[in-house]
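The following block contains the structure, expressed as structure tokens.
All chains are identified by letter, namely A, B, C and D, in their written order; residue positions are counted from 1 within each chain.
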């Protein structure tokens, strides 16, 4: 699963890599992610880095584009990758965004690099005849990803930045109710930081419409075997379980994710300590 | 102590790197070595690799040339270094070859990449009016390093390979007595595998002339602080001590090195177990 | 013709020596997308507990130099769900299954073992002794030879005689051989080592432990030297006891290192997180290395590095190391 | 204005918290070519023994993933030569010297300490408890709390009351806190941790152990999670006892990690092999990190990661952690 890097570029605060990976491009659906090996041979970094697939193109049998911010050593290494280098990828991984059966109106909300996963989704929705409206936000202008593309693609596009350097000053959740109301939206899709997903879900619940959110938790494997990426999610049966974001997510129904309890084991979760367990 | 790589090339079985390192080139004397950090940032390889300085040139303020064979992960990494990359070097290290005060006749013996350290030495000796003869050997032709240069520089040059693919079939020690006798040599200088150094020393002892040998032991620091690179050496006082090849060597008087006991603690060494020690 | 790769855990024959490490192969289904789990020497389950367990809060992982810290806390659905949904699937797929068991008291281990006793399709039971003993202020069983032996004996008593019981040990004890010996005396048919030593990482920006649980278990190549040492010591002291070696195996060379130290089988954990195909790849690499070195049988390589200095590379073969 | 970097080992003040680790700074002369050893918080010697020692045969080192195995075997010239040639040189250079001592019996530690008792220029004595106890089948003192305490008490009794005695511990025990507590009860004024856990590497081509000695001690970033955990546990249990943290420190961030876990000083070993300037570089990096985080005093950062969840980043400062 090694692919050759075709192009690298900077997009504001982000780095973008296009990699030839037909096996991944073929099976891609919006919301999928891949994991990338960082550091090369003899590296001291053992775990792969999860990155959402931003785009796939048919060139060279199939390419995937990844967009990322430098955070620690792994993404710093990735930022130095050059065209013609090879990259070791595993994917596509995760459960993609579910698409509505019938045409409807969808608001797509992205925070920071989270917007990256929304354009392929927007395409797929529009192909099915859906109306798509975008709300993209970040702390500051150069961290808002994909504003231009959103403007071309969306019925409306609303931008927010916390410092007011682009669009409205504030958070996506400040403008979301207005957008939902104006568009008479049927569903919200969101990808971004946990705090944003919680806020978006709260708004959707208020409007009584479903939210499909793609969560982010620390992942060691990305393929469902290590159990490190769990999130408390309420099942159909009303029971909270610690579900793996990598295989049971990253996309969950927002109302089912217990955002307030992320980073804890809710006392009423299946198998929570204090029950009749070990 | 980072230097920019100027050129990389293959020389038969070896790789050669020229690195801009004025601070090292300035202080270089024949027999010095440097240590190189392998693997780059975030590498899992903690220890530097010791490499003899083959040559220094005044270009760009001072360059050093290193010649090496790929052995394990570190040298494999070094073999992939490209021009304009930076390399992290420490040096010059070790005690260089002592030069005779008065002009005399010197036989320079090199095994495998060990020859690399002999040409700068030959230059220095010739500058002092010494006669220089070379004996270079290896297992096979492409592992004999520097035959051409030896031929240009040496009064005579004798080559040996174990498979007979270049020069005489056999080992350097097979031809050395003849070369010493013909040249009426006053001193032998040698660099190469331990077994060769032992043989060369035995020949020199037979002729009653001194041998200056540069030994190789596993090194973790190269600067004298870790005590991993020790060799049993007999002191002026007749007492055997475990001396550090990196700072007390790598050049020792051959007769003083207890080659048969390398890889052991001779029972009569200072502080050997079984004495009155801990 | 490749070497004969069969490996024996007591009298149980495995077709090859490469296993998943407990807790690192999910339920088996996840890996089956990448390779056929029946190609493993055996599939080792995560540690199964009596009741469902939600595990520890997140973050549960932290990367360290050549290592991984984890604090998953044995999340799992409990033994009933395991027997209903996981074990049958593994059996169907033709995988040999080694069931890892975890508990907080001897009584719990006993109950769990009884529940497993009649289940079909169990190749061996591995006892995860790195569980906190709730009756001894949370001290791990593996840290105390007699507590470990008691657990092993209770499992051994409950499990059918022809199903080997494997004691899985931690390296962070003063004397691994003493603990290993206690476990064998307690009835262990084989040993598995090493489980993860306790480690910790602190986020210097947040100025707090990186893991929600504070401490975690360290795995990956960083701990391989500890694993090799433990396997070596246990094999030297107890040459007749089969050892499953693990800790930082990422290549066939790493697997061979543990085998030469005395392991007759090798488990792969953290490496699978990086390379889902790690197990079959390592098996292939190991086979090549054995063939290159002229081994006809894996068994001839087991513990070979113990041969006295001066003996040739194959000096050990006539010692019947293979009779494990 | 940078932070106040002074560090205290009991009542002894060090100008900064960065030390060399025992056995990793030679005699001091070797490092002096690269930087002024008086700039160190203190120079820690290799472990000095009564008689000269030739150490172990070569190879003495093996590289492992993010780690280094060594089996040097305390090579050194013995205490007489040390007092004659090494200590005076360090004193002349203005270095504060912590003398590490090693021995095989309590009597030997006693004799060695007596010999050191009158020597001028000793800032503290560090007791290397990872020495094999020849009277207990070579078991390391550090593996047994009471043996460790006995050694510490014997050294404490011989050394002048105003020279702190530091007990240096190994991580490969079941309960580091128990050993630490024994040492403190035995009279240790401070703790140093961690010494190298026992590890091993096998050359899969030669099919023999890579080190001539077979096993060796594992150091470097690979062991840092063990070091952080040990420091954390010891600081939690014995908050008043100064701890010198070490194990895989290669950057200021690594040093800060140990400090946040509870170390009031940090020693640098293996990193110096890679970067001869490691100690002064790490000190500089640490100072920057402290300043960035708004610390006025190093002491305020010591053990800060222990503050209860929910407290702000500086929640610990009023606990007088600095009174160490």
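Basically, a residue touches a chain if its C-beta (ideal position, glycine included) is under 8 Å from a C-beta of that chain, and two chains touch if they have at least 3 such contacts.
Keep in mind the model is a prediction, meaning the values are calculated, not measured.
Peer 1: Provide the labels of all chains in contact with subunit B and in contact with subunit C.
Peer 2: Touching subunit B as well as subunit C, we find A, D.
Peer 1: Would you mind checking which chain's C-alpha centre is most distant from the centre of subunit B?
Peer 2: Looking at centroid distances, A is the chain farthest away.
Peer 1: Go through A-D and B-D and name the pair with more C-beta contacts between its chains.
Peer 2: The greater number of contacts lies at B-D.
Peer 1: Rounded to a whole Å, what is the gap between the Cα centroids of subunit C and subunit D?
Peer 2: Taking the mean C-alpha position of each chain, the two centres sit 33 Å apart.
Peer 1: Can you check how far apart subunit A and subunit D are, centre to centre, with Cα atoms defining each centre and the answer in Å?
Peer 2: Computed from C-alpha means, the inter-chain centre distance equals 46 Å.
Peer 1: So what's the Cα centroid distance for subunit A and subunit C, whole Å?
Peer 2: So the centre of subunit A lies 36 Å away from the centre of subunit C.
Peer 1: Please list all residues of subunit C that touch 2 or more other chains.
Peer 2: Those would be 65-67, 220-221.
Peer 1: Which residues belonging to subunit A are in contact with no fewer than two other chains?
Peer 2: 44-45
Peer 1: What is the shape of the graph in which nodes denote protein chains and edges denote touching chain pairs (line, ring, star, complete, other)?
Peer 2: Graph shape here is complete: every pair of chains touches.
Peer 1: Contact residues on subunit A for subunit D in the complex?
Peer 2: Spelled out, the residues of subunit A in touch with subunit D are 44.
Peer 1: Contact residues on subunit C for subunit A in the complex?
Peer 2: Against subunit A, subunit C makes touches at 23-26, 30-31, 33-34, 46, 49-61, 63, 65-68, 70, 72, 74-78, 102-104, 108, 131, 134, 212, 220-221, 270, 272-274, 276.
Peer 1: Would you pull the subunit B residues touching subunit D in the complex into a rising list?
Peer 2: 37, 44-48, 90, 217-231, 241-242, 247, 262-265, 269-273, 275-278
Peer 1: What residues of subunit D sit close enough to touch subunit A in their complex?
Peer 2: 65-66, 221
Peer 1: Spell out the part of subunit D that touches subunit C in their complex, as residue ranges.
Peer 2: 64-67, 69, 139, 143-144, 171-175, 197-202, 204, 206-209, 214-215, 218, 220-226, 228-229, 232, 248, 253, 256-257, 260-261, 289, 293, 301, 304-305, 309, 313
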